[in-house]
Amino acid sequence: MITALNVEDLAIQRGERVLFRHFGLRVVAGEAVALVGANGAGKTSLLRAVAGMIRPVIGRIGFDGPAGPLSIDDARRQGCHMLGHYDGLKANRHVRDELVFQSRWCGGTAEAALAAATRLNLTRLLDLEVRVLSAGQRRRLALARLIGAPRPLWLLDEPLAPLDTVSRALLGEVMAEHVAGGGLILAAVHDPLPIPVRTAEIGQ
Amino acid sequence: MSVVGVLVRREMSLAWARGGGALLAVGFFAAATVMLPLALGPAPARLAAVSGGVTWVVLALASLLSLDRMFERDFDDGALDLLALGPLPLEVVATIKCLAQWTVSGAPLALAAPIVAVALGAKPAAAPMIFVAAGLGGLAFAFLGGTGAALALASRRGGVLIAVVVLPLLTPPVIFGGVAIENYTSGLPWLTPLCLLAGYALGAVALTPFAMAGACRNAQS
Amino acid sequence: MTTSPTDAHAVVAGALTAGKYAAYVWPAYGVTLVGFVWMILDTVLRARTWRRKADRLEQARGH
Amino acid sequence: MFAALANPHRFLAFSRWAAPILAVVATGLIAWGVWLGLNVPPDYQQGETVKIMFIHVPAAWTSMLAYACLGGSSFISLVFRHALADAAAKACAPLGAAFTGMSLVTGSLWGRPMWGAWWVWGDARLVSVLVLFLLFLGYLALRASIDDEAKGARAAEILALVGLINLPIIKFSVDWWNTLHQGDSIMRAGGSALAPVYMTPLLLAGAGFSAAFGAMWLVRIRAEIWRRRANSLALQAALA
């Protein structure tokens, strides 16, 4: 159960280029932070470093639980949701299968997944193949696992991008509930998030 | 159903859908072996002499061809990131993927192997050994092929690259399998080569997941 | 191993006779020589070009 | 020792004198070994072709040494993340492939007069050198096909380690496969029962080949260090 994310003096290098240096951030339970910065400044890389996919050159990433620091691997594998540009869906599988798999895989239950589907009004689409869904519908399907499998830390990479205004409002509600319930959100964004946030700047 | 079960079910359905399931693997297997008599001529004696060995080589190629994009599809559509953040480590995920691959296309190939070998002139009595050897060999081919597929992830060029990288590593199972079939048909002791084949296959099952997980993490970074 | 001139000549002649398999012995040595020459040239040229490039860029940076 | 050499500057200083010395030693040993080898009495069975052994066998030894170095430096680079160890692995592979290629060609030239075939499947050592050649090709193909340097390096390192673990098994399986198909007898010339008059030139040439490999490897690592330095300098200049 993650109650805080600590990023200290982080530097990330991609190939020969150092994206940023001395980046520090602390996100506590009940807080949402928006990562802002120019394109290529390293927002996505920072999220992937927190998720453990990129190894930072210098710096430390730590997760605190109610009783002090948590083991990083367990914290990531039990407490982190990451939503990138790609939704991780297979075109030839049915929406219901992907929905249930993504939630079950992240520790949720089938019932919670279906409840999330109704919440994000995906019920009409359940028996379709993912192939026929629009980008916005696919993003909502991917978002379903955030509700279906409750995990404290959400790492979102431009979550609003493919969504229409109705869905953005819906996502705003979901995020607000998550933060109110003691969750943490770290989102890389270009357009502002529909909930009050603290912003963290990346890059020069 | 536990998380492992959820993943196994997903991987099985993906493996089934990916290569057109067993159809493509067995299809290639049959098509490639049909070429042999056309090329070598119908003389039964000549075909029978090579039947066991050729079946074995074509089985290896069929296994390699039917596993491409095993990791690449998940890597391209972002599912690999989701799998990496799941409760099971990538090593276990890779093992399940290879086992699914072995079950979905390895098993049908193992069933087809005796038929193809006998069709080429191998003694029908050898059929059970060919099946067992093809099954065990298929396991080694699935896991080493999976390693090649994971290594080729970062290169955007699967297919031939996987074959070039993996085929030299298949020397031991091809030798053990070929000798096991050869000895069985000619009445020589066949247990040793079979055990060596089984040993190699189990070694591959035990060790390659670490290489596969490392390669996946490398591609993700 | 002091040998007078004529002996040296004989010794060299002894070495060079490869009998009726000369057609295989010398090509083998030839291939090895070609292999070594290629390796040495490729290695040395590679080192030289990259060293020059690195030094030139180093100067350009005003060091 | 590795930590000391991990620093490029210290390595450049070390290799500046080590490479020439190794090169000189190599030339001396090879010249001496080959010279003795050429003067060896013709083998009762093989006649003059036995002289090919003095370059074929050392090339095979050196190619295995090269793969061991490739596997070793890949392991160090993978586990201890030394950038220099990766440069060593990258520098070593082409040399290994070249030595393996030479060993194959000379092996075929050696087999032709004796067995009437340009390629002798009966000789276990030739076949394992051939598989080693395929392993080198696989390594070079993988490394060449990945554009991102860091990712390409790690993928190649993992492959080199998988190959290293497989090498003894391949060697065993080929030898075992060879003893089974005892149809054509093996050429005993390369075997252990070797008259000293053959053994000394063989060992000298073997040591010479290995020293030559060492010298060239050091120089190629230097080249790799300068290549990386040039690339990063060019990048910094572009970004400044």
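Residue numbering begins at 1 within each chain, and the chains themselves are lettered A, B, C and D in the order written.
Throughout what follows, a residue touches a chain if its C-beta (ideal position, glycine included) is under 8 Å from a C-beta of that chain, and two chains touch if they have at least 3 such contacts.
All figures in this text were calculated on a predicted structure; none of them were measured in a lab.
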item: Identity of the most central chain, Cα criterion; value: B
item: Between A-B and A-D, the pair with more C-beta contacts; value: A-B
item: Chain A-chain D separation of Cα centroids, rounded to whole Å; value: 49
item: Chain centre separation (chain A, chain B; CA means) in Å; value: 37
item: Intercentroid distance (Cα basis), chain C paired with chain B, Å; value: 45
item: Averaged-CA centre spacing for the pair chain D and chain B, given as whole angstrom; value: 31
item: Touching two or more other chains - residue numbers and ranges from chain D; value: 148, 150
item: For chain C, residues that touch 2 or more chains besides their own; value: none
item: Junction residues of chain A - those touching two or more other chains; value: none
item: Inter-chain touch pairs (all); value: A-B, A-D, B-D, C-D
item: Residues of chain C that touch chain D when the two form their complex; value: 11, 14-22, 24-25, 27-29, 31-32, 35-36, 38-40, 42-44, 46-47, 50-51, 53-54, 57-58, 60-61
item: Parts of chain D lying in touch with chain C, wherever the complex brings them together; value: 34-35, 38-39, 42, 47-49, 51-52, 55-56, 59, 94-95, 98-99, 101-102, 105-106, 109-110, 112-113, 212, 216, 219-220, 222-224, 226-227, 229-230, 233-234, 236-237
item: Interface residues, chain D side, partner chain B - complex; value: 78, 131, 134-135, 137-138, 141-142, 145-148, 150-152, 154-155, 158-159, 161-163, 165-166, 169-170, 172-174, 176-177, 180
item: Of all residues in chain A, those that touch chain D in their complex; value: 15-17
item: Of all residues in chain B, those that touch chain A in their complex; value: 3, 6-7, 10, 13-14, 17, 73-74, 76-87, 89, 217, 220-221
